[in-house]
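Here chain A shows up in two complexes: once beside chain B, once beside chain C.
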Partner chain A sequence: MKTRHELTEILDFIAEYATYLLGSGVHTSRAIRNSQRIGQSLGVDVQLSSFQRSTILTVRDDESGEAITRVVRIPSLPISFERNSDLSALSWDALDDHLPLAEIRRRYDELTAKPLIDPIFVLLTVGLANASFCRLFGGDWTAMAIVFTSTLVGYAAKQRMQAHGVNHFLIFIISAFMASLCASVALRFDCTAETALATSVLYLVPGVPLINGVIDIVEGHILIGCSRLINALLLIICIAIGLAATLLMVKDSLL
Partner chain B sequence: METFWNTIAAYNAATWPAQLVLTAIGVLLTTLLVKRPSRGVRIAMKLYMAALNFWIAGVYFLVYCEPRQYHSPQALFWAIMGCIWLYDLAVKHASLERTGHHTTFARVLFAMPFLYPLCSLALGRTFPEITSPVMPCSVAVFTIGVMLAFSERINIVLAMFLCHWALIGLSKVYFFGIPEDYLMACSIVPALYLFFREYIQAHEGKATKPSVRVLNSLLVILCLIIGGFFLFTLLHQLDLFAEI
Partner chain C sequence: MIALDILLDGLFAAVAAIGFGAISDPPMRAFPRIALLAAVGHALRFCLMTYAEVDIASASLCAAMLIGFGSLWLGRGVRCPMTVLYIPALLPMVPGIYAYKTVFSLIMFLQSLNDPGQGMQYMQLFFLNATVSLSVIALLAAGATLPIFVFNHQAFSLTRRRRPVHTTQTDPARKAEPAQMQKPENPSE
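And then the complex of A and B:
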C-alpha cells in the first residue's frame, strides 16, 4: 500500500512524462499507453484525458483504492522523434525490469537532457529537403537552388522569431511570405519558376499535427484530434496568406 | 538585357552626386569603426547600413528599375534587409566592435564596391552604363565585409538574405551574361563558410548534435557544391564569350 506522499510523487512524475510526450509530437493513445505502462510497473492505475493545452491525470493505488487527480499544462516543445522513441523505450524498461521510481526519474532526466539537434544543422537540412521537394515536383536545377536559399531565409527568420517568442501564427505568415518572396526571383529566369514558388513554403506544412490529428480521431480521441486538425488547418491558412501576399505582389493574381 | 543596362544608366546619370556622398559616408564610417570605434560610430554605422538598404529599395529598384519586370519584390527584399538593420540596432544584437578576424579578407571586400566600376570599364563599358559602388551587389559585398570585420554575433537572417542575393547574382551571370556579378559570387562562398564556421566554433564547448566535426564537414561539402555551381557558371560564361 502506498502513502499519499508516494502516490503524489508517482502522479507528479507521470504527469511530467505524459505532458512531455504530448508536447513533443506524440499522438494521444501512445502517450496514454506509455504512461499506463509506467503506472503498471509502479503498481498504480493511470487514467489520462488529454486536450490541446492541458491533460487531466488520475492515479489510483490498486491496493488502497486511494486516488489523486491533477490537471497539467502541456508544454510547447520541439518535435523530436528520437526523444519520443527513447521515452517509449523507458516505459518498457520500467515494466520489464520493475524499476523503482527514483531510477525511472534518473533515466528520464538523462534522456531529456540529451542535446537537441543544432539549429544550424536543422537550417541546412531543411533547405536541402525543400530543394529536394522542388525536384520531386518537377523543378529544374536553377529552381532547386533558388528554393534552397529561399528556404534558408524563411527558416532562419522562423528560428529567430521563435527565439523571440513571436506569436506562431504570425511566424508562419511572415516565414511563408519571406520564403516565397525570395523564390519569386525565379520568375526573372528561364526556369521552372512556378514550381519554385509553390515548393518554397513546403517546409512550413505542419505534418506532425495533421498525422496526429487523424490518428487521434481514428483511435477515438475525437476532441483532441479535431483540436489538432483545426490547429494544423489554421497554420496552413497562415502559409496560404503569406504565399498569397507574394503572388498578389508579383503576379497580380493568385493563379 | 538592354532594359537592364538602360535602367543602370538612368540611375547612374541621375544619382551620381548622391552616390558619391553615400560612398564618402561609408568610407568615413568604416575608417572610424577601425580607428576610433565608439558607441556613436557603431549606431551611425547601423543607421547608415539601414539607409543604404532603403536607398537601394526605394531609389534604385522602385524608381529607376521600374521598367524592369518584377522590380517591386526586389525593392521589398532590400527594404526587409534595411528593417533587419534597424531591428538589430533596437535589440543591440551585433555590437559592431572590431573582431580582429579575417582582416585581410574583410579589406578585400571593402575594396570590392570600387572594383565594380573598374570591372565595367575594363569590359569596355562607359559611364553611365557601368556598375557603381551604390548598387545592390556592391552594397551586398560591403555588408558582408562589415559583418565579417565587425560582428562577433552574425545576424543569421541577414547572412541568409545575402546568400540568396549572391545566388541571384550567379544566375544573372549564367542567364544574362553580366560578369561583374562574379565579384559578389566569389566573395559569398568563403564568407558563408566563415560565418558558419565561426558560429560552430562559438558552440564548440557545448554538447551539440551532430558533433562539431560533422557540422564542419557538412559545411565544407556545401561550400564545395556552391563552388561547383560557380565553376559551372564560369565555364558556361566562357563558352558564351567564345560564341560572341
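And then the complex of A and C:
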C-alpha cells in the first residue's frame, strides 16, 4: 500500500521517463512497454496513450486501487539511440533487480547526463558516409570528393542553425539548398555530375521518424504513426524545396 | 572480379551506415554490428539486382528482412533494441537517385506547361520515379520490422541482462530463475 505522496513520486518519474523516451525517437510501443515494466517493478499499474506532442498517463496502485492521471508535454530532444538502449536496459534492470525508486532515479539521471557523440566526429563521418553513398549510386572519385565537401558544408550549416534554435523546416530547406548548390560545381568537371547532385542532400533523409511511423502503424498505434509519417513527409518536402531551388538555377546544364 | 565488386559494395554501404547512424547518436558499442548488417544487406541487394535480375523493390524487401533478422540476432550481445541496429543499416538502401529524379521531373514538368507532349513525358517520369521511391521505402521499413512480430518475445528483451555480458555485475544465483518471481531486494550493485 502506497501513500498518495509515494504514488505521485512514481507517477512523476514515469512521466519524465516516458516522455524522454518518446522525445528521443523511440517508437510508441517500446516506450509504453518500458514504462509499464518500471511500474511493475514498483508495484503499480501504468497505462499511457501518446500523441505527437503530449502523453496522458495513469498510475494505479495495485493494492489500494488509488489512481492518479497526468498529461505531460513531450520535450523535443535530439534523436539518440544510445538513450534508447540505455533506458530500455534500465527498465529491465529495475524489474530483474527490484530496484527502489531512488536508485532508478539515480541511474536515470546518470544515463541522461551522458554526453552525445562529438559533433566534429559526426560531421566527418556524415561526409564520408555521403561520399560512399555517391559511390553506391555509381559516382566516380571526383563526384565522391565533391559530395564529401558539399555534405560538410550542408551538415555544418545544419549543426550551427540547430545550435541557434532555427525552425527545423527552415534548417532542412537551407541545408539542402547549400549542399546541392555546392555539389552543382560538379557540372563544371568531367564526372558523374547528376549522381553527385542527387546524393548531396541525402544525409538529411529523416530515417528514424519514417521507420518509427511504419512500426507504430503496424503495431496498432495508427494515429501517432500517421503523425510521425506526416512529420517525415514534411521534412522530405523541405529537402525537395532546397534541392529544387538549386535545380532551377542549373537545369539548363543538366538537360 | 565479381567477389571484389560485392566486397566493395558492402564496404561502401558499411561506411554510409556508420556515418548516417552517427547522426542519431547510437552507442559506440553498436557501430561494428551496424556496419556488418549494412554491408551484408546491401551486398545481398546488389547481388540480387545485378546477377539474379530481381527488381529493386523485391530485392530491397529481401535485404531488409535479412537486416531485421540479423539485428535480432546481433542485438543481444550489445544490449541494443533492434531498431538501434537496423535503422542505420537500412539507410544506405534509400533509393536516392529515384527520389532525386522525382523532384527533377516535377520541376521540368512545371517548366514545360506550354508543351503538352514534353510535359506528359515528365509527368510519366515523375510517377515512375515516385512509385519506385515510395514502394522501396515502404518495403524497407516493413521488411525490417517483420521479425519484431514473428519473434516478439525475443525482440522485446534484447536489452535485458539475463545472459550477462559482464558477469561481475549480476548476481549468479539469479541467472537460472525466471524473471517474474518475487525476490527480496537485490543489493548486488
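A few comments on the model shown:
In this section, the second predicted complex is superposed on the first by the 251 of 255 C-alpha atoms of A that agree within 3 Å, B and C clash if a C-alpha of one lies under 4 Å from a C-alpha of the other, contacts with A are read in each partner's own complex, and residues count from 1 in each chain.
As a convention for this text, a residue touches a chain if its C-beta (ideal position, glycine included) is under 8 Å from a C-beta of that chain, and two chains touch if they have at least 3 such contacts.
Worth saying up front: this structure is predicted, and the values here are computed from it rather than measured.
Under the clash rule set out above, the superposition-derived model of chain A with chain B and chain C shows the two partners fitting side by side.
Annotation for chain A, partner touching more residues between chain B and chain C: C.
In the overlay built on the shared chain, the residue A:222 is in contact with neither chain B nor chain C.
Of the two partner chains placed by the overlay, only chain C lies in contact with A:86; chain B stays clear of it.
Once chain A of one complex is fitted onto chain A of the other, the partner contacts of A:1 are absent, as it touches neither chain B nor chain C. Once the two complexes are overlaid on the shared chain, A:117 sits against chain B and chain C alike. In the superposition on chain A, contact is made by A:248 with chain C only, not with chain B. Contact with chain B, but none with chain C, is seen for A:185 once the two complexes are overlaid on the shared chain. In the superposed pair of complexes, A:150 makes contact with chain B only, with no contact to chain C. The minimum CA-CA separation between chain B and chain C in the overlaid arrangement is 8 Å, rounded to the whole angstrom.
In the superposition on chain A, chain A positions 116-117, 121 are in contact with chain B in one complex as well as with chain C in the other. Across the complex, chain C meets chain A through its residues 9, 11-13, 15-27, 30, 42, 78-81, 83-84, 87-88, 90-92, 94, 96-97, 99-101, 103-104, 106-108, 111, 137-138, 141-142, 144-145, 148-149, 156-157, 159-162, 174, 179, 183-186, 188-189. The touching residues of chain A, when paired with chain C in their complex, are 25-27, 30, 33, 78-86, 88-89, 91-93, 95-98, 100, 116-117, 121-122, 125-130, 132-133, 135-137, 194-195, 197-199, 202-203, 205, 207-208, 210-212, 214-215, 218, 240, 243-244, 247-248, 251, 254. Only residues 114-118, 120-121, 123-124, 142, 145-146, 149-150, 152-153, 156-157, 159-160, 178, 181-182, 184-185, 187-190, 246, 249-250 of chain A touch chain B when the two sit together in their complex.
Those residues of chain B that touch chain A in the shared complex are 69-70, 72-74, 76-77, 80, 156-157, 159-161, 163-164, 167-168, 171, 174-175, 196, 199-200, 203, 206-210, 215, 218, 222, 229.
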